[in-house]
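A, B, C and D are the chain letters, set down in written order, and residue numbers restart from 1 in every chain.
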Amino acid sequence: MSIGFIGLGIMGGGMAANLLRKGFSPVVHNRTRAKADPLLAAGAVWADTPAALGRQVTTVITMLAHPEAVRAMALGAEGFLDHLPSGALWIDCSTVNPSFSRAMAAEAQRRGLRYLEAPVTGSKAAAAGGTLRFLVGGAPEDLDAARPLLEAMGRQIVHVGEVGMGSAAKIVNNLVLGQMMAAFAEGVVLGEALGLDRATLLDLLVEGPGGAPLLKLKRDRLAHDDFADPDFPLRWMHKDLHLAAQTAYEVGVALPVGHAAGEAYALAIRYGLGDDDFAAIYRFLARQIPHP
Amino acid sequence: MSIGFIGLGIMGGGMAANLLRKGFSPVVHNRTRAKADPLLAAGAVWADTPAALGRQVTTVITMLAHPEAVRAMALGAEGFLDHLPSGALWIDCSTVNPSFSRAMAAEAQRRGLRYLEAPVTGSKAAAAGGTLRFLVGGAPEDLDAARPLLEAMGRQIVHVGEVGMGSAAKIVNNLVLGQMMAAFAEGVVLGEALGLDRATLLDLLVEGPGGAPLLKLKRDRLAHDDFADPDFPLRWMHKDLHLAAQTAYEVGVALPVGHAAGEAYALAIRYGLGDDDFAAIYRFLARQIPHP
Amino acid sequence: MSIGFIGLGIMGGGMAANLLRKGFSPVVHNRTRAKADPLLAAGAVWADTPAALGRQVTTVITMLAHPEAVRAMALGAEGFLDHLPSGALWIDCSTVNPSFSRAMAAEAQRRGLRYLEAPVTGSKAAAAGGTLRFLVGGAPEDLDAARPLLEAMGRQIVHVGEVGMGSAAKIVNNLVLGQMMAAFAEGVVLGEALGLDRATLLDLLVEGPGGAPLLKLKRDRLAHDDFADPDFPLRWMHKDLHLAAQTAYEVGVALPVGHAAGEAYALAIRYGLGDDDFAAIYRFLARQIPHP
Amino acid sequence: MSIGFIGLGIMGGGMAANLLRKGFSPVVHNRTRAKADPLLAAGAVWADTPAALGRQVTTVITMLAHPEAVRAMALGAEGFLDHLPSGALWIDCSTVNPSFSRAMAAEAQRRGLRYLEAPVTGSKAAAAGGTLRFLVGGAPEDLDAARPLLEAMGRQIVHVGEVGMGSAAKIVNNLVLGQMMAAFAEGVVLGEALGLDRATLLDLLVEGPGGAPLLKLKRDRLAHDDFADPDFPLRWMHKDLHLAAQTAYEVGVALPVGHAAGEAYALAIRYGLGDDDFAAIYRFLARQIPHP
C-alpha cells in the first residue's frame, strides 16, 4: 500500500509525522512546500501537484482547512481524483459539512474509487502525539483498510455510520465546543469586571459542573492572555460554526445560540484575532478601546 | 445559636432537612406552608411570618427564588430584618446579583446586623444529599460563625471574597452553565436531524472535550426526553441569565452569546417549558409544530 | 422576440400575467402545471419541461424560490440552458446570492448565451399590479434588450452594476427588511404585554421615525392577526437571510443582528409558521403555549 | 405657574431654550453648571441644587439620561421631590422603564404631588426646533395643566394612557429604532463588502420599502462616516435597549433580535464608540483591525 498525504498544516503536519514514525513512507503535497521540509528530511517524498501525488499512491489522506480547499485539491485543475488508480481509497480527515462529504463520496464512486470520511477531534497536541480521535463515516471494509493508518495517527476510532455521519458528528462536536469556549470567555470577562481574581475564577469554573476538558485545556491561555501558537485557530472555529449553520439550514434546524457564537467569532476576526487560538474570543470580549 | 430558615422549595427543602439531620432545630417559614410539613414532622418549628421568625432566632438563612423574593421576605411588610436581635447573622443562599447583595448587606449593617452571602452550586440532589458547594462573600469572622451550618448542608466552602464576590461567582457560574446546556441541546438537535443516533451522539459529546459534569448529569434527560421533576427549573436558569445580563450592563460588559441563550430560554418559557428542568431547552429546539 | 417564463408562484404568476396584458405571448413552465391555468386561459403557451421551453424562445425569464430551484431548472436533467439558441438572453428575477448569480452567468457565457440578473423589490401586490422595482446586474446592452419586458412588469429599473451587483442589492434589501419586520414584531409584542392598545401602538410606530413603507404594509396584518395569503412567505424570508449570512461569510462580514433575526424565523418555521406571511414572526413571538 | 427644568444635555438644552423663546422663565439646574450658560444669558434663573429649584416652582420638568439620574435628582440627598409645594406637578420627559415611572408616580402621590410622564420621540434637532412628539402617560387633568409647556417644546402630544403607558410607548419606539439602525448598518456593511457603491446602496435602501424616516435622517452620517456631534449618543441607545430588555423580562416577553442588537451596541461601546451617534454601529461593524 503506497500512501499519499495532502495538507501539512497545524494538524496535518503532526499526522504525517506520525505515519513516518510508524514506518509508512508517504508521498506528500502541500500548497506551500516549506511546511513539508521536516517531513522530507525524515523520509517523505515530495509531489509537485495533487495529480502527481495521485499517480503514485493507492491511498490518499487529506487534511485541509475547509471544503473549498478539499474540492480544489481533489477536483481542481491539478486535482488528484482523476489520477488515482481504480479501487484506490481516499480518506478525508478535513472537517467538512455532511452534504459536501456525500458529494465527494459520489465523485469518488463515479471514478471507481473508495471514500472514507475520518474527521478528528483533538487539536495540535493530539495530532503531534498521535492521540487523535477519528469519527469515521463509510463502509466497514473501507474502514478496515484504513485502520492501520488511522491507528498510526490516533488512539480512538469511532465508526459513526455511513458517509456523512462522521462529518455530522464532527460538525456537532465543534458547534458545541465553539459555544462552550464563548461561554467560558463571557463568564471570565464578567467575573473579572465584577472584581473577581482571574485565577480564582478560572479554578472555580474548571472545577465546577461546567469543567469540561476543553476548559481545562484553555485555562492557562486565559490566565496568561496567551493566544499565540494556536492549537486551533479562531478562524477555523468560525469556519466550523459556519458549516454547522449551513448544515442546520439544510435540515431545518434552528441554532439561535450557535449563530450568536459564530458572529462573535466573526467580529473577533475583523478585530484582528483570526490567527490566534480560538480561546482569543476572550480577548475580543475583554478588550476595551478608548474613544478617539 | 437559634436558627431560622426561610424558603423551602426545591433547594431549601433539602438544605433545611440536612440541618435537622445534623442536630439543628430550625424555625422555618415559607410562602406556602404545605412545603414545610415534612420538616415540621421532623422537628422544625413553624413561624407564621418572616417577622415572627426573626424574633425567635439569632441566625437566619434564606434560600429564595430571586432578588424580589429576598427583598419581600427581608424588608416587606412582615419582613424579618427589623425583628432580628442586634448582632444577628443573616446568611443569604439565594442566587442574586452582586449589587443587590451589597444593598442587602448595607440594610443589615444599618440595623446592626451581620450579613453573609452564600449562594450554592449543585442542584436538587446535592441539596438533598448535603453535598452543595458554597460560594461565600463576606467577613471572615462571619463565615467562621456560619461554618457549622454550611458544613451541615454542603461539602465545600469557598470563601471568594467580600460581599458581592460570592454572588459574582455564582452568577458567572450559571451564565456559563446556561450557555453550555444550550450548546449541548443545539448539538444534539442538529446531530439527530443529520441522522445520528441520539444515544451514540450523547456518548460522543459526553466523552469528548466538551464533556463537562453538567453534560454527564443531563445526558439521560436528553436520552429519554424526560424533563419533569426538575433539578433546576428552566425559568430559574432564565432568571439567572437575566441577573447576569443586568450585572453585565452595570459593569459595561457585553455578553452576545449569553444574551442569545437567555432569549432561547425566554422563548422556551412562553412555549410551556418553564417548570421543566432547564435541559428542556433541548425540547424547545427539537420540537416541531405543524402548520395549522 | 419569443419569450419564455419559468416559475409561476406568488410573484411569477403576477409578472407573467402582466406580460400577457402588455401584448407578449410567453411560453410558460412551472413545477406544478395547475398554477399556469389562468395564464393559459389568457393566451400563454404551455411547455412540458424547461428544455422544451428553451427550444421555443430567445429570451427566458425565471422567477424561482431559491438558488437550488434555479440550478435545477437551468442545468438539471431537463434544464433549459442547453436548449436555448445561441445568443439568447436569460433574465433571472429570482433572489439568489451574488456568487451563485456569477456562476450562472459563467454557465450562460460558456454556452454563448447572455445573462442578466434582475431580482425585484415589492411583493405580491406589486407583482400583480406591475409596479415592481428591478435591481439589475449585467451588461448595459443586455439590459437594453430586456427593458421592454421589465417595463411591462415593473415601474422602476435600477441598473446597479455588473452581474452580482443586482443580487447583492437584493440580498442587502431583504436582510434589512427581515430585521425590520422582526423589530416591528418585537416592539408590538412588548408594547401589548405592557398594556398598550395594539391599534394605538401600531399607529404610533407607523407614524414615527421607524415608519417605513414595510411597516405600513404590514400594519393591518398585525392589527388583525392575519398572516394567511402571504405577500411574501416567512420561509422565503428565512431563505433570504440565510443567503445573506452565506454571502457575509464569503466576504468576511459579521451580521450579529441579522443572524439573530434569521434564527427567529427558523424557529417560527419549526413552530408551524413557514407558509404564512413573514409578518407572522409577530405570531411566533406573541404566542404562548401552556405547560402540559 | 413657575417652572423648573432639570437636565440641560443634548435634549434638555434645546427644550429649555424653547420654553424661554415662548415666554416662560424657567429656573434651571444641571449636574454641570456650564451647560446652563446660554440659557442663563437668555433669562433663565440658576438653582444650585434640585432642592433649591423645588422650593421655587410649582411645575418641574426633568430630562435626564436614565432612571438612576432621575432617582438621584428627585429623591437623592438634595432631591427636589421633598421640596415642591403641595399640588405641584412633576413632568418627567426622560426615557425610563414603565415600572420605574409608576414607582415615581407613587412617590409623588405619597407627597401630595401630581406626576406626568412625557418622554419624547425626535432627537437633538427636534428638541432645538421645538418639533418633538410627546408620549404622555397620566391623568387628563394633569396633561391639561402641562399642555402649554409641552406645546412650547413640541408639535405633537399623544395621550397614550395612564402613567406607565407613555414610558411603554417610548421604550417600544426605541427598541424598534435601535434594531432598525443596526439592520441598516449591517445592510450597508454587507453591500459595500460585495462591491456596491455606498451612495448607491444608501439611496436604494432609503427609497425602498425599508426607507423609514430614521434611515433618511442617518443616510448622510453613513455616507460620510460622520458620527460626531450626536443626535442621540450610542450609549443612550444601548441604555434604552437595556430598559426594553429589563421590561420584557418583567412581563415575560422574549426579544431575541432586540437583545442581539443591544449586545452589538454594548460591544461598540467597549470599542470606543459610546459617545458617537448611535448610527456609529455602522462603524463598529465596518471597521477592521489588523492582526498584531
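In this section, a contact is a pair of C-beta atoms (placed from the backbone, for glycine too) under 8 Å apart; a residue touches a chain by one contact, two chains touch by 3 or more.
Since we're looking at a predicted model, the values are computed, not measured.
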Both-way neighbours, i.e. chains that touch chain D and touch chain A: B, C
Chain at maximum distance from chain B, centres defined as averaged CA atoms: C
Gap in Å, rounded to a whole number, between the CA centres of chain D and chain B: 37
Whole-Å separation of chain centres (CA-atom averages), chain A against chain B: 38
Residues of chain D touching at least two other chains: 248, 252-256, 259-260, 263-264, 267, 270
Partner chain D, residues of chain C touching it in the complex: 98, 121-122, 133, 135, 158, 160-161, 164-165, 168-169, 171-173, 175-177, 179-180, 182-184, 186-191, 193-197, 200-201, 204-205, 208-215, 217, 244, 247-248, 251-261, 263-264, 285
Residues of chain D that touch chain B when the two form their complex: 242, 245-246, 248-249, 252-256, 259-260, 262-264, 266-267, 269-270
Chain C partner contacts - residues on chain B that touch it in the complex: 256, 260, 267, 270-276, 287-292
